[in-house]
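Single-structure report; data block below.
By written order: A, B and C. Residues from 1 in each chain.
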Amino acid sequence: MSEFFTQAVLIAAVASGIRLAVPLLLASLGETYGQRSGVLNLGVDGIMLLGAFGGYYTVLKTDNVWLGLAMGIGVGVILGLVSAVISVTLKAEQGISGIGIYLFGLGMSDLLFQKLVGTPLPVGSFPKLDIPGLSDIPILGEMLFRHSIIVYVAFGLVPISMYIINRTTFGMNIRAVGENPEAADSLGVSVVRIRYLTVTIGGMMAGIAGAALAIDLGIFQQNLTNAQGFIAIALVYFGAWRPAGVMAGSLLYGFVNSVVLQFKTLGIIPRSWSDIAAMAPAIITILALVLVARRFRQPAALTKPFTRGT
Amino acid sequence: MKKRHVTWLALVLALMMVLVACGDSTDGTTAGTDAPDETTAPDETTAPDETTAPDDTAPSTDTTAASAEPFRIAIVAPSASNDLAFTQSIVDAVNVIKSEMGNVEVAVTDGTFIVEDAAAAIRGYASEGYDLVIAHGSQYGGSLQEIAPDFPDVSFAWGTAADTFGLDNVYSYEAASDEGGYVMGVMAAALSETGTIGIVGPIEVGDAKLYVDGFEAGAKAQDPGANVNINYTGSFSDVALASEAAQAHAAAGADVMSGTAQMVVGAVGVADEVGALWFGTQANQTSLAPSIVVASQVYHWEVILREIIANLNSGTMGGEIYTINLANGGEVIEFNPGYSLPDEVRQLADAAIAGIIDGSVSTGQ
Amino acid sequence: MLEMRGITKRFPGVLANHRVDFTVNAGEVHTLLGENGAGKSTLMKILYGLYQADEGEIFLSGERVEIHSPTDAIAHNIGMIHQHFMLVETLTVAENVALGLPSNRGLRTDLDAVSERIEELAGRYGLAIDPGAVVWQLAVGQRQRVEIIKALYRDAQLLILDEPTAVLTPQEVDQLFVTLRQMTDDGRGLIFISHKLHEVLALSDRITVLRQGTITGQVPVEGATRESLALMMVGRQVKLAPDKPPVEIGEVALEIRGLSVMGDRGDKAVRGLNLEVHAGEILGIAGVSGNGQREMAQAIAGLRQATAGSIRIGGVETTNHTPADVRKNGLAYVTEGRLRDGAIADFSVSENILLIDHTDKRYLKRGLLDFKAIKEHSLRLVDEYAVKTPTIDTPAKNLSGGNIQKMILAREMSGTPTVLVASQPTRGVDIGAAEYIHKRLVQQRAENTAIMMISEDLDEVFALSDRIAVIYEGQIIGIVDRQTATREQIGLMMAGVRPE
């Protein structure tokens, strides 16, 4: 146990937890917008996968990670719009239609990978940015302020999302539409427009999450996300539909994973236990979900399509 | 009512796309180190009627007359055909057989990490009358045990495993991956300056366990004081987690790493980034990080496939268990020419290989 | 200021409005009167852009206008108070008011400025409200104020009020009327809908009666009486108070001892309440809403946890039993929240009627639901209770507000329960139906059911009760015999003054 408390290992555990949290955080923040407005998009993982492939392939061809990120955004926006058409305009059952998007993303990303790339080749990752001043703080600096740029972007989006949701008219409209679309509609708020925007934002963030994952790993593989998109959806519930809560959930998931990894590496968790320990993040997150999320009510109109009388 | 329609429409569309993707993806198996010829696979249920016959009429070799029907081999495997790991090893091997024999027709269904999908594919190929259906995944055993008795005229090969269920149309095959692992471990301990070595594994079973245990034994044999950290992430597919496991090894001081199964593709990159050396297994992983991959243990299943096919031609449909190892040439240590391995380490490796082959060295298994 | 001409609106199987002409002048209150399902809400929703008329035209100040959405209506300074609250419960009062309006700070909200203006309006129109309060914390009367402020904030010159008083206490209604009068003094035009005839007489300048989608009459308020209005609405004489033959009072059927129940906000809504209801009597529970009536009724029905005390139905202990179990012991419960906990909006009328009866042997045939029997049963009840619905397979949410209430009553009152708890049984129900419901309650009483009737309508309490209990802050502060009770006495008790 004492090995764990060496400085190097502690720093590595925290830094690793943060890295693991980033794709989840990006995707779940995006999904928060949609769910806050009453739309559940179960297709997050599919969008992440296509964003991941798009980002990876762009970097492979151009050697420019920013173009890769832009591709992730583009793919995410398009698939977000498709999701919006299906759930908002066509009013499909949200519990099912998202799975369609997921299967599409899963199959399509693999197909494109096989056709266009084949054997996985490594690509460059996002540049690391040591925040001047802060990164020199002993221990803390190394844990928190020596990450690749996308990490800061992801965490920077948390206060921005809080501000948007809580302090802007757009955010107020999102909350109203997710809670009581009839009331919002009766005051001239366009339920359809708000939901298109939030679902597209959700798609965009899922695309970024996927691209960030692939580019940071520097590689692509079939089913690269390994269902992280679904975990991200669970984290939205865990985070009680609040950006800060979603961040807490993502970090919890990331940290439990990283601590388990460190424990395994150091032999603190015996090898015979490692398969069981691998379930720890999921179990702990589910437990926390049950304990925390119970106290909050979900947006009242979540998964309910809106139709005005005719 | 209308809502339902739309939902189903969306689902069906998506499923169609996925099926198209699955069906096509096997086309992509043309990638890979050995650049095999085209292979086409049926989707799981329908007949592989559009399977392309080899148009590059390779010089037909000794076996059954070239004018005769082609010999038909089908592969069902869990990950991608070009995963630089487990699945690729069998696809490459079958393609070697094909170029040797010439008149061979190959079909691949890959990515069937869901066992039910694999079972459907296995049954599909069997009912299509393939001569040899390879179920490449220990998790497919249960399905195979049910399917094989229904097709007495079809021969099945199942790996990696050491059990034919007492059925006379099932072969099984495995790799003595501990042998290559041992050789790698010897080199790793010799190369490590910190004395700490990190290994990333998926789940502690089968091929992965053999490799990791052999590796550890080799490292300890070379340097009894070596610190071998082993991290089974619990997943065959979580690339991000395997990468972070490599990071954890680096933090614990490892300067030499290895890993097994397809999710290590990202871990290789981490090793590169932190300046550690890497040993690969199951396929040649040099392309993932050309400057730090020292060597890879590569499987040449064609060694045993040749024997299986010879058996089939003489009328034996199964019942035997095969193992590839260093001795029979099914396992080969491929060194990365781009990495300048010190001569004395190379000599240690050669000595270990020779010792394992002549039995003077035990891998502990 | 407003003229609607020849408005026709059809729904599947229903002609909701047929060539309706309707006008409103500046500064007047024009009341729309009509039975449940007559088409009042429909006409108003057309005016507010929620529905599109099949035929007809709308003129504002002489100019023809197209109103395709609430946005259009708001742009034309039309405001609407809906029959069911249109508030976002998780938002604050200020946010609810600001919704849909541009902010003077660009993308940022300007809630402090909105709050200031709300306070100003509230001061001017006597609508005291805290702009920072979250709506779910507000009592019903306060919510209604928010709705009115929403309209005033948008400077509604023409305000539609669809049954704004249905959920208010008499005091709140008086307050509301003061505000409304002030609004007409400003020159605004109001459209008022209510089933309470004394309110209509008190507030209106003109009254228009709708029947089955068609206008059947229009009168100035001068000279109109409750009886004459009732006649116009229903087409026959309506008895405003039922005949009540004497019945022998029986055993105690419902016994409540020391009952304590928590409210939604964790407050003590019912505190050590004692009460007995005898077979064959109607016990009226009078009281200002929010004094624990709802929580008490829910605790009796097993829908809310009792934290202390006991409840016995027909001598059997049922405290904190499951709702199904309580029902089995002979309780029937008519809830006050209609679409929220009384009915399932997406289920059909006949499914809603069957809700409690799905294990009843009458509707089972070899263990399976006997659809023919169910259909007959539903048809009979729909007919008896005059539930106006195109078919019994129509989803409940498409019914008019009052008809949903009648559907629930039909379900709960169709058997012969030991105890019937009826909460606001005629709220939102037209007078014809109210007459029928009252008749049924009296019949149930004759069949020896113990009836607890919770009502804020003193007329109703006096018309039906044998005894009147007054609930105040979660306790019964007094029980009086109907024969000796006076309105003043009950009114004082409702305000918390204990009788000597």
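In this text, a contact is a pair of C-beta atoms (placed from the backbone, for glycine too) under 8 Å apart; a residue touches a chain by one contact, two chains touch by 3 or more.
Keep in mind that what you see is a predicted model, and the values were worked out from it rather than measured.
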{"item": "Pairwise touch network: line, ring, star, complete, or other", "value": "line"}
{"item": "By number of C-beta contact pairs, the top two chains", "value": "A-B"}
{"item": "Mean-CA-position distance for subunit C and subunit B (Å)", "value": "71"}
{"item": "Cα-centroid distance, subunit A relative to subunit B, in whole angstrom", "value": "32"}
{"item": "Centre distance in Å when subunit A and subunit C are each reduced to the mean of their C-alpha atoms", "value": "45"}
{"item": "Contacting residues of subunit C [partner subunit A, same complex]", "value": "45, 48, 50-52, 69-71, 74, 80, 82, 85-91, 95-96, 98-103, 107-109, 150"}
{"item": "Residues of subunit A touching subunit C in the complex", "value": "167-173, 175-176, 179-180, 182-189, 297, 300, 308-310"}
{"item": "Complex interface listing, subunit A residues touching subunit B", "value": "3, 8-9, 11-13, 15-16, 19-20, 23, 86, 90-93, 96-97, 99-101, 103-104, 106-108, 110-111, 113-115, 117-122, 125, 213, 217-219, 221-224, 226, 228, 257-258, 261-262, 264-267, 271-272, 274-275, 277-279, 305"}
{"item": "Residue numbers on subunit B that touch subunit A, as the complex places them", "value": "3-4, 6-7, 10-11, 13-15, 17-22, 24-25, 27-33, 79-84, 111, 113, 198, 203-204, 229-235, 237-241, 243-245, 247-253, 262-263, 265-266, 268-269, 272-273, 287-289"}
